[in-house]
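The following pair of complexes shares a single chain, subunit A, combined with subunit B in the former and subunit C in the latter.
After this line comes the complex of A and B, so read on.
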């Protein structure tokens, strides 16, 4: 396995799309439930928590970019190979692959759960799983260009649902935000920790970085993406806190979805149904990228054909949907994904960064000594 | 067969006139159409042979036979070619050149003991005259349509694009029954890779015959499994030359009244030349209406089915009451009701397309008005659904390309079934599948959904809407043409201050 990836010229993508890649990975079903999670820790000071979390995400992102900059055109698997050697590197990469699998599974189950709660209480997991997984297979078979296209087109198309939030936004009670600065520092951090599942997804940068043509635009594009998703999460949380009273909010698992119920037109009511359907457009790009990450990583690390991984993983996930029918089971998967992702996405780059810098310095010294 | 081919590729000349007659008779043994006449002139035997209905008899008489027989001098091949200076004079030596030549309306002259046959082209091809477009009718702008004659069509195109820059390449397609195909593009504009791809696809086509350019399209398109057409076929010369001038490639085929335009994008199928002739601020909304109606046509009936079957909560109470009253007597689930009505509309359309125009109109009235009213009164369908079905059928007919309109109309059926099974989730699944499919498609190797993905902001003003002409100083960037500037931006109007 080479450390640096050679990309065919027709597979290169513009950094412009990185914005949509990262936003579509970050904004998924997580945003629907995040207000309650943050609120139960930080109460009306949730906005501080989210700002703290966003700042932390940006720091992690900058660290990731710094790591990637040390190489010509490497992805995370190449870096693992370079830093940890053949076998240890493979183990770390395998953990990454496992992360993609678990994240895929948690997104899949969460969307099925939302559909069950809001639209079809009796729909079987298998049918919904079949729909989503067949979309995933069909999309991933198109390759990275198509997946990025999906994230871009769906990312633009799904934005109309934001306009439906204008109506609830006009009915906010500003007293819900007061008094300011009440939460102790620990609670604020706990609140920030609660957003970790929602903000996950920017780690895809570690994989798509070699594909990007204009590397000088990567930083601005990814920073804008993270800022935009942070803004969305922040406004969703603020809306939910302003609209619902404290005990209402704590009892509503998907508070943001409930907000859509208030909007109505002479010909359509109950927009939550439509929004849940529209959410498929938000969820599918995440699923596609996670599945692509899984198959591409398998190809990079173990030289398995992507098609083989795709079909096998799809069948396993489809069978897997049978075993997590209940709410608490789904919740367990999400919690596990969150735990796993937290250490892997938010902490691990800071372990990798000094190692990469050290290795580079050693190499430089060696090069200087030999010449 | 193989034996005969071998023999005819051999040079049989020189030979006696009687031997030639025997040979020709044996070649044409199953079709007694060959006219083989022998003359004696200045002690030399001359044979003239041709297929009478493939040539223009009076021209043959006046231009060829009269000078041939009335002359006093002795004829030889060179003498004939010199004395009868029609530009199509040629010498042939091989049988497999002579036989297709006879079929293509050539008159052959053989002088005994010469080494070759002299031929002149007198092709008489029956054709209809240029008429107005039938399937792609336009309100303003040129109205003539292509005919079945390639020469006429080329004439029209040449007259539209009067520049030597226009390349018209000749390619022959089909093994058993060959047809001429022309590849037309602007040398200084069209992308070389695209032209090469197209030429290669046409040259490598290994089929025994191709019926029409619509069939040709199916042979050479990128993804034959897709429901969407990947090349545009049009019967408007106007539209074809517009596409050529934009840097695209056109393919014309003998005996086919439609041209093929490549590469095409999804959005170009909703583009009518009328948009250009209208002013930009009335052309853009018209195009927008077409996009809207495409969406409506795919989604409206499925939405109704989904709402009435599963999610009646999304219908406001006032509306729900009227829908409920209208549906009260209907014994079928909404899916069947919708499928039944959609099928009826398709029947009407199909019957209307097959029948003569006058009868077709009657059928439309009988089918639409009488059966529709009767179906509602009999309690089989609801009024409101009929309204939705009619709107979506109308919407599907707004697509300027008939092929695209048909694809969209057919897409409704799986969407209705999906809506009937899984409601809004099913519709969304269908839409997602559709968009992913469109993203995967290519036309001549170029993305089908361009310029949306990959996004080219400069192209949006031509593909999705139109701006005034002085904003359109660039050609489509996504086509990567040799010259993408239409005119200098400086020539566009300068800004002025208020006039005092």
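After this line comes the complex of A and C, so read on.
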């Protein structure tokens, strides 16, 4: 396996699209439930928790960029190979592959559950799974450029649902934010930890980095993406806290979806139905990227053809939708993905960074010694 | 290209069968639901539903069912009708008096749990049983009684005479520590449904019945009211000099008439109440209410010639409102219901531990409130 990836010029993408890649990965099903998770830890000071989390995400992102900068054009698997050698590197890369699989599965199950609870209680998991997975196969067969196209188009088109939140925003009770600064520091950190599943997704940078043509714009594009996602999560949480009373919010599973329930127009009485359908536009890009990450990593690490991984994984996921039909089982999958992702996405880059820097220094010294 | 289009069309036709469908002609779309508790803790629901049956000229149908839970009662009611009863369009939920006195949270939470139920539906209570209001009303009116009650409530809410009473509002205020909800009381007047008052809750239990005018007083603290008509009785004495006497054709006061009150009708064009906590240890609050009113009618020929009389009017209206607010608070403290949200203000000012509901219930009867009402008389119509 090559450490640096050679990408043909016609396969490269502009750094500008990185914004849509990261936002569509981060904003998925996680944002629907995040207000309750943060609020149950940090109460009315949840906004501080989210700001702390956002700041931390930015620091992780900068660390990731620093790691990537040490190589010409490498991705995470190349770096693993370089740092840990053939076997250990493969093990670490396999963990990444597993993460993509679990994250894909958790997004799939959550969206199916939302559809079942809000719109079609009788629809079978298999049918919904088949529809979503067929879409995923169709998209991933088109390759990375098609997936990025989907995330760009859907990312632009799905934003109109934010306007539907104006109505609940006008009914905010500002007393719910008071008194300020009551949560102890530990609770604030716990609240920040609760956002980890929602903010996941920027790790895709480790994979798409070699595809980017103008590397000097990567930093600004990815930082803007993370800022935008954080703003969305922050405003959704603030809205939910202002709109629901504490007791309600602690019991609402998908608080953000319920916000749409009070919106009503003469021509559409129940907007939540439309929002659930529209949510597919938000979920499909996440699914596409996760599946692409899975197949591409298999190709990089084990030299398995992407198509083969795609079909096998699709069948396994489809069979998997039969199990985990109950709500708490779905939650367990999400929790597992969260636990798994937390160490690998939020902590692991800080372990990798010193190793990469050390290796580079050693190499330089060696190079200097031999000359 | 053509191949792809045809494929796409075929797919979109086939895919529609993947989701379960519901045929409109086979549905009974529940529009209004009444809930009563009968003996043995059984729930009796009265359902008014739309049905689209070509053979039946009547568009609505009413059925009743009994069960241990609301949904159970709905299933039971389903045995009486050949339509599948569907809850997605319930616009009004009416609770009987006894039911409301025992607490309605359990019935409301089933509405929240079912994501297909709309959050904008109205919550109301009746001063008899819900069943009686709905069935008697339905017989008398020959139209859809549910819709009539909804428009009754929505009209008053639009005029800001009563606070908003949608499911979401009710639940939000019920769950807030230090605030209690209110809901309109529907009764029968000449066997026709009418709003007869406003029910004050303590948490989810109905604890008292307030006069409909007091609903407006509460509403000034919940929202910015605009355009509410209101009748106010003022003492006649300060205005004696300004009442035009038609018989003597002069401003001479008519000594023979010994009425005590002068009643005026004002339209409150703007109103806003604001509560501040003055002293956290004594639980002393200050409630400022600012009202902008237009004079529309007076029971006698009142002449508003100069600033002086306007000032007297303003002052008398202020006094009257202050008196009404004091009466309201005394009544609310007696029944232990806090719809104005003093507890909410206290919660935001309290440092340290979070306020609990029981803690506020203990403190609420002992709070003192100064109501300061500030009235601006804006317009007097076309005559002076």
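The working rule: the second predicted complex is superposed on the first by the 371 of 371 C-alpha atoms of A that agree within 3 Å, B and C clash if a C-alpha of one lies under 4 Å from a C-alpha of the other, contacts with A are read in each partner's own complex, and residues count from 1 in each chain.
Quick note on the criterion: contacts are C-beta pairs under 8 Å (C-beta built on N, C-alpha and C of every residue); 3 or more make two chains touch, one makes a residue touch a chain.
All of these numbers come straight from a predicted model, not from anything done at the bench.
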Clash or fit (per the criteria above) of subunit B with subunit C on subunit A: clash
Which superposed partner A:3 touches (first subunit B, second subunit C, both, neither): neither
Which of subunit B and subunit C A:175 touches, first, second, both or neither: second
First (subunit B), second (subunit C), both or neither touched by A:154: first
Partner chain in contact with A:66 - subunit B first, subunit C second, else both or neither: neither
Winner by number of subunit A residues touched, once subunit B and subunit C are compared: B
Touching partner for A:258 - first (subunit B), second (subunit C), both, neither: second
Which superposed partner A:277 touches (first subunit B, second subunit C, both, neither): first
First, second, both or neither for A:269, with subunit B first and subunit C second: both
Partner chain in contact with A:353 - subunit B first, subunit C second, else both or neither: neither
Which superposed partner A:137 touches (first subunit B, second subunit C, both, neither): neither
Doubly contacted subunit A residues - partners subunit C and subunit B: 119-120, 123, 127, 131, 264, 269-270
Residue numbers on subunit A that touch subunit C, as the complex places them: 43, 117-123, 127, 131, 173, 175, 178-179, 182, 243-248, 258, 261-262, 264, 269-270, 272
In the complex, subunit B residues that touch subunit A: 310-311, 313-316, 318-319, 422-425, 427-429, 431-433, 435-437, 439-440, 447, 449, 452-455
Subunit A partner contacts - residues on subunit C that touch it in the complex: 15, 18-20, 88-89, 115-116, 118-120, 166, 168, 171-173, 175-177, 341, 344-345, 347-351, 354
Residue numbers on subunit A that touch subunit B, as the complex places them: 14, 16, 115, 119-120, 123, 127-128, 131, 135, 138-139, 141-142, 146, 149-150, 152-154, 157, 264-271, 273-274, 276-278, 280-281, 284
